[in-house]
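Per-chain residue numbering starts at 1, and chain names A, B, C and D are given in the order in which the chains are listed.
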Amino acid sequence: MPIRVTVWGENVHDQENDVVKGIYPNGMHNTIADFLRKDPEIICKTAILQQEEHGLTEEILETTDVLTWWGHCAHKQVVDEVVNRVQQRILQGMGLIVLHSGHFSKIFGKMLGTTCSLQWREAGETERVWVCNPGHPITKGIKRYFEVPQSEMYGEPFQVPTPEENIFISWFEGGEVFRSGLTYKRGNGKIFYFSPGHETYPIYHQEDIQMVITNAVKWCRPEGDNWFDKFDGKPTDPVIKIDIKGPRLHGDGQSGLR
Amino acid sequence: MPIRVTVWGENVHDQENDVVKGIYPNGMHNTIADFLRKDPEIICKTAILQQEEHGLTEEILETTDVLTWWGHCAHKQVVDEVVNRVQQRILQGMGLIVLHSGHFSKIFGKMLGTTCSLQWREAGETERVWVCNPGHPITKGIKRYFEVPQSEMYGEPFQVPTPEENIFISWFEGGEVFRSGLTYKRGNGKIFYFSPGHETYPIYHQEDIQMVITNAVKWCRPEGDNWFDKFDGKPTDPVIKIDIKGPRLHGDGQSGLR
Amino acid sequence: MPIRVTVWGENVHDQENDVVKGIYPNGMHNTIADFLRKDPEIICKTAILQQEEHGLTEEILETTDVLTWWGHCAHKQVVDEVVNRVQQRILQGMGLIVLHSGHFSKIFGKMLGTTCSLQWREAGETERVWVCNPGHPITKGIKRYFEVPQSEMYGEPFQVPTPEENIFISWFEGGEVFRSGLTYKRGNGKIFYFSPGHETYPIYHQEDIQMVITNAVKWCRPEGDNWFDKFDGKPTDPVIKIDIKGPRLHGDGQSGLR
Amino acid sequence: MPIRVTVWGENVHDQENDVVKGIYPNGMHNTIADFLRKDPEIICKTAILQQEEHGLTEEILETTDVLTWWGHCAHKQVVDEVVNRVQQRILQGMGLIVLHSGHFSKIFGKMLGTTCSLQWREAGETERVWVCNPGHPITKGIKRYFEVPQSEMYGEPFQVPTPEENIFISWFEGGEVFRSGLTYKRGNGKIFYFSPGHETYPIYHQEDIQMVITNAVKWCRPEGDNWFDKFDGKPTDPVIKIDIKGPRLHGDGQSGLR
């Protein structure tokens, strides 16, 4: 079964900034989709902010196994209805890969419950991404570390909950460190956050970066069935027959107020 | 230093339902505040939904060490602005204790990122709450287990992330089980979820229940300084002097778009 | 690629106790291996305590993707050298499934760091195993819960670290509860603990039980490459050329004492 | 109630190496005990490898709230009986602080279940220790980061399980990174690992380092009662009267073989 990936892009800098257009003529989202498609296991579509429902209709999400997310300057423009829909799909089992400045996206904050804030600096300094757990499928093909020659510094403190696993930690020329690869589980959905990816450097053209994101797609694809949360406000019958005791909110035992 | 607790109550059933009024003549929130105040370490105020800003103004939250939350039928009426303010205080260091049907409160869902849904039944059956980690300060004074003679069944699956620690698990007469005591850490704030507490049974008058909630207040009080997340959109100077390399989004290195 | 499973059995009760022999004429380990082999993805061998090196030679472990472990009365007879070898393989990437009384095995305690003790009672009472996270691959094919008609009660407190995920919780007729399905990650190895399986009841003949263990084999098979921990006592060259400063334990920078 | 700390030192380099003797004339353990004693909440004793039972008798451990551990070249000389005794106390509630090369101590590996191996280099390079979660009591008094002017490089991959919280991450001049402050919970005991502390540099004389270790002592002191694991091989009576069904290993329901 191929892995069905939807690559979501904000597509603002990609349209407005000459440097970004020069590096990503078809937009970051298409660059990412293109390298993902090279893998025989993956089929890919893209979606952008400007589309109706930001390209993330019920139908598209239902047929998405893994969603990747890159956003930076327009997080607030993503409508809540779509964010809630994406959350619902993740909890059912869809994987989520959040890239770079997506740490401030509504969906990432929603899944994690913290601000996800950090320190940053745009100086094109070297970033060295170290592997913390060799053998983890996300690190497949990476030796001890790889370098991003020109990167945006992201630095601790990074306000996130303790992850399921810490995959990468980055070293920056200017003296900082950052947890640059983290995994989370929410409901039935796996989440991977990967920080390198500032739009004015050709980071998504870099082979190591492409390898990590491709590995991550395979890692966070749904493994089991969907977890359809069928909460409908109705009570559950007991397994063992019991008598009703004590007063109840409603005579019939249903709290129609939920 | 005394622990400053704010007990938040929805105060709807407490006003509208005769059974609830009979059990909690001054409202659940006052019953809870009253038993907490018995402890010499704790000072307590209450806040209810109907107050301006639901009684949770900036000033009140800034002087609150631990917030307890009970809600059931009016979760949607809690305005987002107040929810966001509460989240901010938790991330700074305020403790949060979520009680019973508060599992569906906006604030609990916001901190955890999942639906927090569960199975339920209102039949006044016996609940037996087992201690999973003796010695944990929240369980102080509880022997192997305690019983809630008439309780509302809450059953698995409970859609929550893996907790920091699983404190209690409950056994129900009708055959179900439920993770009834869970701890979480978000930012600098500790969270405790405790499920027994259906409004038509005198559960908050029960000694074991009162002991657990009092223990929980002491456990989740802030331990260190506040974590003031000062993200202001400005870049950080490097620790080590470095040259700027590569193109930037803005000539001055500031991404005023954050 | 087929999953290569080694089913380890203590094979003491299976030889000495008539009731057990009646239920498992070829030993529990062969019963388990037989149902696992029905799955086209799995190939299976068995190993028992009485064999040389308990059947777990370097070669056998190197060609084992998942090891299952059932032991009860002879944990101490498992020699430390073999336990250490098993630990090493798990850390490299081999999956481990610990069954029932294996909670007191040397290998489980070694991986977890706690006593793994619990409450117990042998009365043939009903156990109801509830699914805590539908959609998790280990629960595939199980509806809300399944029952073990005659089981040994295992009860909280269960002294284990917080798991990566809590898969099952059991309800017992006599009033107890127990975290009966837990996952852990150590190094590159996944671990699943599954409690039902008392030797005097035909539990490993039960379809739901067989389904869970088969699912677990698929879940904990190695996903990535082996993590060969090559610590050899030698220092690492810096990535960036630096001068040596300050005194050192040995002039040549090597602490041959490691 | 004062916090009763036992500072354990290997006391080998402290006796044999002139550089170490020059920096720590009374041994590292006494230097650490001395700065801990400055805090009015703490009373301190020391224990060394060479003492009978390595200075960690039953009585001393029973009256120890927090044990600190520094070892490097003589891990194997610590007898298993004492290691097991220390583990037992930690599971009951005693805190453990493992320092620097103590990552390879028997007790740390026993509590964590992994090799705890890492990369290293003795070149006196600068280490910069970053705070990952401001507000955490262990970081009290530390601003964004502090520096260790001459340190031993410890680098990823660090083979440890995911911690409860990641307190510090270090940046090294030679290009590496390392998770230099980690917390764990095992049974009722809290554990803090803190990596800076190579014996040929005056690291334990450094104010920030002393502050962190003092904070850590306060953080990991027992909070609740001891968790006395009373497993005695005897079955537990049911809470609810049930009939015995099915065959049992022994007629009387006791598995004397545990």
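Operating definition for what follows: contacts are C-beta pairs under 8 Å (C-beta built on N, C-alpha and C of every residue); 3 or more make two chains touch, one makes a residue touch a chain.
Because the structure is a prediction, the values reported are computed rather than measured.
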Query raised in the report: Which chain has its C-alpha centroid at the greatest distance from the C-alpha centroid of subunit D?
Result: A
Requested in this report: Pick out whichever of the two, B-D or C-D, is joined by more C-beta pairs in contact.
Outcome: C-D
Report summary line: Cα centroid separation, subunit B vs subunit D, in Å, comes to 31
**Report entry** Centroid distance [mean C-alpha coordinates] between subunit D and subunit A, Å
**Finding:** 35
Requested in this report: Round to the nearest whole Å and give the separation of the Cα centres of subunit C and subunit D.
Outcome: 27
Report summary line: subunit C residues touching 2+ other chains are 128, 133-134, 155, 157, 159, 162, 164-165, 175-176, 185, 187, 227, 239
Query raised in the report: In the complex of these two chains, what residues of subunit C are touching subunit B?
Result: 128, 130-134, 155-159, 162-166, 169-172, 175-177, 179
Query raised in the report: Along subunit D, where are the residues that touch subunit B in the complex?
Result: 92-93, 128, 133-140, 145, 164-165, 185, 187-188, 219, 222-228, 239
Query raised in the report: Which positions of subunit C touch subunit D when the two form their complex?
Result: 13, 17, 19, 72-73, 87, 91, 104, 110-115, 117-125, 150, 153, 155, 157, 159, 161-162, 164, 173-176, 184-187, 199-201, 227, 229, 231, 235-240, 242-250, 253-255, 257-258
